Structures are given as structure tokens and as C-alpha cells.
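Below you'll find the structure, written out as C-alpha cells, and then a few comments.
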């Protein structure tokens, strides 16, 4: 509301930054800056253009200093300065802005000091879509994952001691100490197998074979825990996101709560930009749509019909004639709920009342379009 | 309908090609052509028979040019020329037909130019049975897969910077630049572990161990997402394919829609050529069959009974006597729905009416056969 | 019934062999014979004791010839000679008996000829418990597994052509032909990574990185398909095995068919030898047992009670007092159905009538034991 | 009750040790001792400080001797001496206490003798949280896992014989005997791929490729069995742990047994120390809590309300207003049952009576807080 002295794009950027979002610009600067940092380690690139590279890096640094400044200021304004500065995100922002200058000021050689720009890459972490889910998996499955880790470390330790005992006389250079044997063990247990350290005695090789097979076992457990748990979290997330939207569609609101829970587990949400084609005439149809937010336009012969929030479409291709009968596209930013053919049939079978009301609407529309 | 001047086999081939199918001939030509292309890189084979190899390659090329021609012509006739030429399949067809000639015309050395024949192999992609399913998995699970990819890249980047810092003084040849360290990181994170680049400092090895364990974690997530999602897609596909067929079997048509949804989830479809033996007398039986399309012949003592679309058979072995009592084989191309013993029992338990009608039919048959 | 001129142990062995079972003796001979074959390749062992080794191998060979003879004779007696000789098992038996003698007769050097004894190891295949299940997985999931294989081969081929193009000038010894590049590709795609062939150009390394990541993807799909399908098959097998037994227990027979289907999915079968302790007094109990076949003895203070087919026990520890109150052991070979505490509770919740009859029996017993 | 001559901390430690628990002190001693043992193998550390290291090791040994003594004494007092001494735990304790002294007494070189201190690490096994679960998986899935192992060994054996035959003339040093070829096979089948032994003939490489692909297949089965079974065990364990607690919450006790089974499958238990914050005001809420044991304090404006065993809280954020309205923290060691938003909704939909009583309580509280 307040009159801003900044041009609108810049103002929008400052606002987004203050909200602690990563803007598209910030992603671009991060990628550019880290690419420049990588270039700095190539002698050829350094010799040819180190001036330009340093200029680019300084520009990126300036950007992150500004970003940090905006965020600190915004936090101070909202009396959350301490909370922000000590949060993970705040620490990454601070490191991004200050690590390199501090290192340079401390007299570290520039090519080394700029390596600290790796902190910029950490800024993407909060933006990774599935990370919240992953963190929940870690919390919920902490005990089984810890068990697997302890097993891993135990096999690692016992394998190392065994190989040290069996091999250190024959290969003192590679198995001469337990830490060296541990390096072999971790490379083997993870099935990486560099081959820089390899047992050569028959007994050592038998122990190694057992360590490898244990590696597969540990790996199997690890995969199993992560896979099962991640799948469950994904279902949870979808349920939560969809439930919100289902309650906005009047068609579902009339159903009992147990049907709604059923429906929610079957629907999938998609977000579409304006003017995106949802259905193309003549293509085979395998799902129907409910509009949770936004609007679509049905391109019927001779007229254009608009369907708003709460309407559904695409049901005709599921009720008999398999091909889509009209083009349908969004008019503005829309959120649609997708019901797949499989789930459509299961749902119709379980809830005949739902089937009847969709049927009735479909017939009404068919009649209307014919006239 | 139109009188064709071509022999029937050729006409069928042209029609299939125009429909953009891969015919058996096309697969054979593709395999032969690519084998010839591989041979070309072997000096011994080249020296001994490069004339023959080039002749074979030219023949294959002529085939793909003809194929492209037929498809372009068919597309033009159906006013879809632009759509075809810009579709993925159209681009592959165009590249298969023109890439090598263009390279040769541009003066590229023949042995190098013919390497472009690799484009022929891309023609199999649309024919891979599960690929549509895989693409759907990619769309539905795009966000989690992207998260895992970002995590992978982040670990890759941070691991590379760390190893570069720790190892580049000791091993300037292999860890001298961040891109070299990245090569190490990707080889390690995927647990490939060539061993051409290996950290040797104690700290470098500890970081490497952490990168390997992260590799297992990322891998576990990746496997988990793909596994869960692919399994769900497989169930969906089976349901859709089976639903179509179940509705054609009169025996099921009389059931309520919720029973049909139940049954559909239990049945499995199989396609059989003519004269294939479905049931062999005296073998233990663990499933029954419904005929969705085609016909089977029951080889009873003294007479042969034919069962057509909608009939079922093999139920007797599930109802008590465990061994099959007659040979049954198809008379022409048939589509059968298979109901396994486990599902048969669960289904009979849940739907007693179904159990009664199958029982009645089985008794009628037993009586009939006795007389 | 016929008077046998052989001692009983030998007669039993001949009968088992005629039934085409692998006896314990056959397993031992196979292991011994293959161990001897391995020893033959060790120069030290050969020099020290090749007389003994050959004698052992000849003994094993004589055993397998005798085994084959018994089976052929039994098959001839049952008029199944052709069926047996052409079956997979028959071919392995024939190869085990004749391959080495034929090779020796053909003048092959003995140490090489005896390598054919590897055929003996194939005899274990029909005895591997889960193999039937694995074969069913292969049949049911043939199409998705084939898709993954085609994808694997396509990535393999395209990766090889790309690396050949990028590396063959720089490393003619290792990437000089497409087949050599394919060796690299298969080693990389399976994440084995020997490191004998490694790309060194920057572009070659980027392609290699993509091949590795594709390897993880293909692997994930492969694991996912096998894992899901194998789990389903295991459930099927258990259901079938258990269903048979449940119908023999009168306690369950009185239940409706849908409850039986429920119960069957929860029970697990175990086979116990005579005089095996099932329950140990004072231990915490987390399951109850139903006797499908055999007999158990309850060791009550002052008396011993025998429970026969159809009885159940161990329910008291689930109904309140957590510790087992008596020792219970089998008197002869028994088949028990195990119901875990979790499933017990779910089952009792769903079927109150079942709960009541188990409760009544438990109270009757408690009373009886008190008096 | 008896007056103890020991200071309380020491007495608690002795009591815990007698109960055969691993105390925090024991973990620390184990870690220290094994770290010292590792140091002993480093020549630099040995030269610089072997006196200190030996002193540390002797201290650790004394600790484990004392621990063993306390446990033996306690076992003797409870007349379980033989049971304890022959149990796995007893054997590990005995080995930890006596292995090193015996070796030293037998004249083994000290640096080698102390390697036997690896037995100390085995003491963590009984404490690994998920190990009981893992052992159950091994028992329940013994047959499928055994099948996979037999397949693995069969592929290993056949692959070795094949590679020996194909490669032993070309590479006598690495493929000269079948045991050497087996080393190659195990390294390859587990996809470890050291690269120390690599086939070089074209046929040998094709066989190797097949072995690698079989490795992926075996691995996939292995992962699948472990993953599915471990997930099932985890659900079982949670059910058992939660069931116990659910029955203590009066709110659930009034429900029918089938609802309780439902609820139990949805709840998750967490253990919290005193003064832990459960809910932070203003944060978005996605779960509600039931108190199974302990007490929490609700920090309302102007007053503090305590909720004891059987109460629930956090439901308001699920019933409409998404943000938590008060800080809630534990007052002493508490066990809470967590019901996630997703499950809350499904549960409310299935059991409207439950929904009504939670609603009523929430309204009562809202009224109370307003006044």
C-alpha cells in the first residue's frame, strides 16, 4: 500500500527476499557464482580470465550480502532478529555473505578463499520440494535407521580388524594399520570397490566375500526402510494437500465424511498456468477433473462455455465414448483435482449415489450440446 | 477395399508402416544394421569385408528411407504432415533416413558417418511395452524424483569441493581441479568406484566414506520412489485392461458394480495363439479361466466340446479334485482371464452367490460328462 | 509290500531316487564331487594327491550314473521314459552321468574333462524352495521386466556408441571398437566399475556420469518390480499352504467362509519334529497355536495332557497373563498354525464369536487345571 | 532396601550391570578401549605413546573384568549361573574379560594380543534397537532368503567355472584356479568390482556381463524380501507397543474392540523427557496427542492447566484453526500417543461417535478458556 520508491520488479524481489524465499534471480546468481568458483580451479581458465571471474564472483557476493541485509532488516522490523540469525537458514545466509570476505581479510590466498563460496549452494536446501518429507522420514524411522547404521559400523569394525590381522604381514602398505583396513572396509561394504586396497590371502578373500554379502544385506534393509517410509509420507502429503481442496468442491461436500476420506485418497492435484490445454479433442480420455480453484473454458462447436470453481469435466470420456469431445483449457491460474479411470470405476462401484449424480450431469450436458 | 497392385505380404507391411508400427521386418533390419555398424569399428572385420558391410548398411538405410517415405506420404494423405514431422517418432524416422546421407554428403569419413546409424535403435522406444507406464511414473513422481536429484547434485558438489580442498595438494593430477573432483564424486556416489581417482589423505578418506554412505541413502530413496510408483502403475494398467474384458463376460455382467471392481482387481489377462494348450490332463490345477475372446476345445473322452466367449472352465480342479480332468486348447487367437486359486477362494468367500453359480455349472458339467 | 532284497536304508534311498528327489546323500556327493573338481585346478593339490582326487571324482560319477540308471528304470516301468529323458531334470541327470565319460573317451585331457562335473551342481535347482515362486514372478512380470531389459540394452548401446565416438582417438586400446566400449558400458551400468576401462575426456566423463545415473534408475525399476512381485507371490504361497490346513481344524470349520479367508491370511505354518519344545514355561508369549497335524503334550503340574489335531493352545498368554504357564512339546512330527498377538487382537476385534469361544475354552482349562 | 555401602551412582551402576544392561559408562569404555586398540596399530602413535595406550587398555580391561564379575555373581545369586555363562551375552562378556589376558599369558606379542579386544564391540549387539526385529525377519523369511542365497552361490559357482575355462590360458596368474575365479565372481556378483581380476577375452566378458546382470537380479530379490518383511515387522512392533498404551487411555477404552484395533494401527508412540516442549504456540499443527503416561502443562494466558494420564490435547489445530494456540510442555517423563492429521480425518470419518466426543471436549475447552 505504501508508495515504494523502487521499480515494481525490484520491489517484488525485495519483498520475496524479505519473506526468505529463493527467487529465480537468486537461483541464477547461485549457479553463476558456483560455476565461476569451479572455473577458478582450472588453471587454463584462471590464466585466461581471472579478472573476469573475480569480477563475477564479487558481483555474486554483493548480491548475497544485499540479500542478507534485506532479510536481517526485515527480521529486525518484525522483532525476530535473534530467531532468524540463529536459524539454519540465517546461518547459511550469514556464511554466504561473510565467509569469503573474512577469509580474504585474514590474508588467505584468494583462489582458496573463494572456495568458501560453496556455502551459496546450501541456500537451495529449504527450497527442495521433498526435503520436509525426507526429514519426517528420518524422524519417524530414526530407530530402525540407527539400528542399520550400528550394524553397518559393527560389520565395518569387525571386518577391518579381521582383514588387518590376516593381511598386514603380506601387504603392510595397504593393510598395515586398522584405519587403512577400515578404508578398505567402507569401500567394500558400500559396494563401491575402488580396487586400490584388495585382500590377497585366501582367508582374507573369504572374509572380504562375507563383508560384501553383508553389504548387500545392510543395503537391502536401508533401501527397504527408506522406500516404505518415503512412500507412506508421500501418501500422507498428498492426502493433506488434496483434503483442503476437496472440501471446497460443493459436489463432494454433500457426501458423508467417510466417502470424502475415500475420495481424497484417490484424487491427485495439479496446478496449471493460464491458457494451458487440459483436454485435447479426439484424444483418448483416462481421467476426469474437478476444479478446485480457477476456471476452464470448454470449446464447444459454436459457443464457449466457462466452468468455474466446483465444476467437473471430462467425465463423458469415462462413461462410454472413449475419446474427448471438446478442447478444454484454463483461463487463469487453476488447481484441478484429477480422478483416474481406475479410481473412477472403483469409486462409482462403491458409491452409487455419486455415480448417479455424475451420470445425470453428463446427460444434461449431452442434451444441452445437442440442441 | 481398393485393389492393391502389391503382393499381400508387402501390402500388409506398407499398411503397418503407414500406421507407424514397428513390424517384425523393421526390428530385424534395425538389429542387422546396428550389428553391421558395430562390425565397422572392428579393424579385422573392416579389412576382411568392408564391401559387404557397406552394402548391408546401404540396404538398411534404403529400408528406413522407404519407411519414412511411406509414413510421410500417409501423413500427407491424412493432413497430419506437420504433426508427424515434428513428433518424436517423426524426428527419429527423419534422422534414421537422412542423418547418414547428409554426413556422407558433407564429406565426413564413411566409417565415422555411419556411426549416426545409432538413430535406428531409437525406433524401438515407442514399442517398449512398459515405457508408457515409466513415463507416467516420471510425471506423477516428478517432484520427489527431482528432490532426490537435487540432493544427489548437492552432495556431489559439496563432496567435490571438500575433496578438492583436501587432496589437490597431494594428488594434483587427479584432484587438481573441481571438475576432476566431480568425476571422482559421481563415480563414488553411484557406487561405481572405478578406482582411477582415489583419495589418499585420512580426512579425504573420511569425507569419501560419508559420500559413499550418502550414495546408499540417495540410492535407497530413488529405488523406493520408483519401486512404489511403478508397482502402483502396474496395478492401474492391469485394472484398465481387465475391466474392458470383464464387462464382455456375461457371467460377471450380472454382478453388482462393486463385485465387478473386486473381480477386476483379481483377474489377470493372457493372450494365446490358436492351438495352444491351456490345460493338460492330470496336472495339478491352481487357477480357472474365463474366455473374454476366442474359443477353446475341451477334449472329453469320446467327444469334443467347444466353449466360446463368456464361458468359463478349469473350475473343477479348484472345487475339490485337484488334478485337471481333460486337455483344453484354444481353437483360434484367444484372450483369457485367469483367476488364481487364492483369489478364487477369497472371491467365493466374499460373494456366496458367485460361488453358488459356479458350483451349479460345475455339477451340471460333471453330470453331463458322466452320461 | 514286495519283499526287498536290499537293506532298508538302501531301499529307502533307491525309492527316493526313483521318485526323483535329491536325498541327503546325493547333496553330500554333489558337494564332495564339486569340491574335488575345484581342488583339481589347484596345482599344489593336484601334484600332492591327484590319485586320491580322481578316485573321489570317479566315486561321485559312479553314484550319479547309478542314480540316473535307477531313475531311467523307474521311468521305463511307469511308461514315462521319453517324458523323463527330455525333461529339464532328465537332461541334467543324463549330463551328470555321461558328460565326463564322453569327454574322456573323446580324448580330452582329464583335468579339463572333469570340469564338466559342474553339471552336478545343477541338480540342486529343483530343490531350491523359492524357485517355483521365482519362476512365477518371471512369468507374471515378464512384460515389465522385458521393458527394463530393453531400456538397459538401449542405454548400453547408446552409451557405447557415444563413448566410442568421444574416446576412441584418445584411448584406442580400450575404446577402439564399439564392443570394447560395450564392455565398459555394462561394467558401468551395473555399477560394478572395475576401472580397467575409464573415460578420460571431459565430455566422455559427462556421458559416463549420465550412464551411471541411468544405471541407478534401471536398477531401481528392476528392484521395484522384483520386490513387489516376489512379496505378492510369497503371500499367495502362504495362503495356499495355510488354507489346506485351516480346513482341517474343526474350530475354524464352523466359521463362515469369509472369516476363514481372513484367518488364513493371518496364520503362519510351522513344521516341527517329534519332541520339539513349542512353549517354555515362564517365557513371555506373543502367539497362540492350532494343531493342524500331529500331537503335543502339555506338562501340567502333576499330570500330562495330550492335545491332538484340531486343538489349540497358548491362548492364555494372549488373554491377560503374559507369561507362558506350562511347558508344551510335540510328541511326534507336527504341523502347527501360528497366530501372532497382533493378528490375534485384530481377529478377536473383527469376529467377536471367535473371541467368545476361545475365551470359554481358556476359562474351562483354567478351572480344570485349578482342581 | 538393604543399606548399601556404595555411593548411590556406583550402586545404580552395579545394579544396572547386574541386570545385564549396557550403561552409558560401559558404552564409553567400549568406545575408548577400541579406539586405543586401533591406535596401537599406528606405528607413529605406538612409538609416541604406547605406555599411555597400554594403560588405557588395561583400565578398560579391568572395567570389563569387573562387569563380568558383577554379572556372574548376580547370576550365581539367582541360580542362573550356567544359563548366563552359556548364553550369547555371557560368552561375549567372558571373552571380553579373559581373551586378552589369556593371549598375553600364552606369550602372544602384546600388540597382537590386544587385537582380541574387538570382542568388546560385540557388547553393543543386544542393545541395538531393531535387532530383535531383524532376527524375526530372518526366521520368518528364512526360506526365501535361503533360496536367494542358493541362487547366489549357484551363479557364483557356474560363473567361476565358466570364467576359469575361458580365461585360465590367457591370464594364468588371476584365473589360474577355480578359487581365484570365485574371488572374481564374488567381487562381480556383489557389484563391488575391484578391478584386480578382470576377464579380457570376448567370451569371458560376455559371461561376465551376464554374471553382473544376474547380480542385479539377485540383489533385487534380496532387497525385496528384506524390505517387505522388515516393513511388516515394524508395523507389528508398533502395533504391540501402542496397543498396551491405548488400553490405558480411558477415552479409547469406551470404544468397541474393532475401533481400538483401527486406532492402534494409526497411533505412534513417543517418549519425552521432563520439561520438553510438545507444542509451540503459533506453529502450524498437524497432529494431536493422547497422554498414555506422565503429565503435560498447558501454558494458557493467565493460568497453567495440567493434563494427566488419559487426557488429550492439540485437537483444536486439527478442527479448524490451523495454528497452535498455546505452549504445552511435559512436567515429567511422559509417553504420548500421536495421531497425525491424515489419520485423524480418516478416523473421524469412520467413527462419528469419536468425532463427536472430541468436538464436545474441544468446545468445552474453548468456552472455558474464553471466560
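Going by the order they are written in, the chains are A, B, C and D; count residues from 1 in each one.
In this section, contacts are C-beta pairs under 8 Å (C-beta built on N, C-alpha and C of every residue); 3 or more make two chains touch, one makes a residue touch a chain.
These figures come from a predicted structure and were not determined experimentally.
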| item | value |
| --- | --- |
| Matching chain pair for A-D (criterion: over half of the contact pairs shared, by residue number), options B-D, A-C or C-D | C-D |
| Magnitude of the superposing rotation for chain A and chain B (Cα, nearest 5°) | 90 |
| Same vs different contact residues, chain B with chain C, by half of numbers used | different |
| Intercentroid distance (Cα basis), chain C paired with chain B, Å | 28 |
| Chain B and chain D: spacing of chain centres that average the CA atoms, whole Å | 40 |
| Residues within chain D bordering two or more other chains | 179, 191-195, 219, 223, 225, 227-228 |
| For the chain B and chain A complex, residues of the former touching the latter | 140, 143-144, 146-148, 150-151, 154, 157-158, 161, 164-165, 168, 176-179, 188, 191-195, 198, 202, 205, 208-209, 212-213, 215-217, 219-221, 223-225, 227-228, 236, 239-240, 243, 256-258, 260-261, 264 |
| Contact footprint of chain B on chain D as seen in their complex | 191-195, 223 |
| Complex contact set, residues of chain C against chain D | 34, 37-38, 41-43, 115, 118, 121-122, 124-125, 128-131, 133-134, 152, 179, 183, 186-187, 190-196, 219, 222-223, 225-228, 230-231, 234, 268, 286, 340-342, 345-346, 348-350, 352, 355 |
